[in-house]
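Have a look at the structure below, then the notes.
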Amino acid sequence: MDPDTWLLLCRTVRFGDTDAAGVMHFARLLSWCHEAYEESLERFGLAAAEIFPTPTAALTVALPIVHCSADFRRPLVCGDPMTIELAPRRLDPGGFEVSYRFSTSGQPAATGLTRHLAIDSRSRQRCPLPAAINRWLEASNLGGGIQPL
Amino acid sequence: MDPDTWLLLCRTVRFGDTDAAGVMHFARLLSWCHEAYEESLERFGLAAAEIFPTPTAALTVALPIVHCSADFRRPLVCGDPMTIELAPRRLDPGGFEVSYRFSTSGQPAATGLTRHLAIDSRSRQRCPLPAAINRWLEASNLGGGIQPL
Amino acid sequence: MDPDTWLLLCRTVRFGDTDAAGVMHFARLLSWCHEAYEESLERFGLAAAEIFPTPTAALTVALPIVHCSADFRRPLVCGDPMTIELAPRRLDPGGFEVSYRFSTSGQPAATGLTRHLAIDSRSRQRCPLPAAINRWLEASNLGGGIQPL
Amino acid sequence: MDPDTWLLLCRTVRFGDTDAAGVMHFARLLSWCHEAYEESLERFGLAAAEIFPTPTAALTVALPIVHCSADFRRPLVCGDPMTIELAPRRLDPGGFEVSYRFSTSGQPAATGLTRHLAIDSRSRQRCPLPAAINRWLEASNLGGGIQPL
């Protein structure tokens, strides 16, 4: 399976993403990053219940975000189609980060970053990443990741 | 204690509440309703952990919203100060609703409604309202609720 | 073109849609309704800039929501795939409403409703619906709308 | 007027701020940062309409965010009272940044940063900061800012 399948996503800017300046509200970008991360795992073949807690499935490992950032290059308006390019990277046995590049009409619009740490749900101590996340990280980095747009 | 203390609240429209039409995005009103409901319980003296689940405090009774609605009379812009008048009402031993009236500069701007049902967290069957919610409902209706603005 | 193309949509519940009860936060449903309405217009062939304001395209007609409601039948958890069935309906020459039915695994999960009014952007007085919206309303109601699931 | 008045704010974590992990959803922190920035300007005495666009008040200078980041130290649960300490800083005649420190029960919980650029609304070219923002920046840095908590 080609990493492009799960590392190159699309979405459209919606009206509720904008603010009274007429463009995407900056904080929405971080929500898009997380939704892209979830969609990537889903397309790779991982069930949400393996990674994200639900009322009936307590997880032994949680993956809280410890850091995030975003840079904005160009305003995005309602209806703009975007491509989102994800670059996941393992940092150490218990952590990883995902870089996100948002483009519209072939022009870079924004970048984002989320950094995740594995912790034991009960003890709240650091622990190794879940096997499913490791598979996704490894497959994402085979062949040098996706090709530049 | 005067019901006005916990049934008459204030908030300001923030930039992130608006959309590209320059005014409050309609869906935000429902978020404001829930935040007003939470602030009302807090001002009445109930700890959030008695009513809302947290990772360490499993609750025996959940209060899911089964219905909500909102009507919009007048556009709200960034910086508008609002008063929010709450009118909680018990529907039956296992349910209640809260009406919300939003005003700005003395003019009605919008109304909202949330209807809540008590369910046993484990069996997911209907059950009586928690005692704390009953105290809030009763105290809120003493003396005919808050006076009209 | 078959109305199913633009009146039957899909989305997945994402982690940021949930709250500490482990299920979709009620107010998110109204955001999904609006995003489904936007996606429906887009799939029908209308450019967002014809309907929604952008910094460079002032619109002569605005379509504010004057009423919304939602009913919740079943909790939705992170990763749940949903189908969204839209039923747009003209109310009079200057207004329309859209009903939304959310289902997951073939079971009804929630319904929503948004009611929209056409107003002249400058005078803020009621006016006829834009021609593009009328085309979408008419095409959506040809042949009795989409077939029940 | 003591800078503490507008640089030391309070808010409570609300249910809609949490996700199914039971704690504050990371992206909400950036929304809180912006709301704290708005509340700070308001308490300092600036009207929202001087800084943020509204349908009736076109602004000559926009202040888009070009960068943001956040670091998370400790999970925040529904009902947690927080203090938010703001530290605004001019970067050059056409830009500034604001650092935010969130604490709960006297313990650091998270930090945030937003970087803003002044641009001419019409030409979209960089321009000097509005006088009102300069007054707020200067007053905020008199006497070394607020005292450490």
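Letters are used for the chains, namely A, B, C and D, taken in the order the chains are written, and counting of residues starts over at 1 for each.
Please note the rule applied: a residue touches a chain if its C-beta (ideal position, glycine included) is under 8 Å from a C-beta of that chain, and two chains touch if they have at least 3 such contacts.
Source: prediction; values computed, not measured.
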Chain of greatest Cα-centre distance to subunit C: D
Which of A-B and B-D has more C-beta contact pairs: B-D
Separation of mean Cα positions, subunit D and subunit B [Å, integer]: 27
Between subunit B and subunit A, distance of the C-alpha-averaged centres to the nearest whole Å: 33
Subunit C residues counted as touching two or more neighbouring chains: 15-16, 20-23, 27, 31, 34, 52-55, 75, 77-78
Topology of the chain contact graph, where touching chains are joined (line, ring, star, complete, other): complete
Of subunit A, residues touching subunit C in the complex: 12, 14-16, 21-23, 31, 34-35, 38-39, 42, 47-49, 52-56, 75, 77-79
Footprint of subunit C on subunit B - complex, ascending: 20-23, 26-27, 30-31, 34, 52-55, 62, 64-72, 75, 114
List of subunit B residues in touch with subunit A within their complex: 15-16, 18-20, 22-23, 25, 27, 77-78
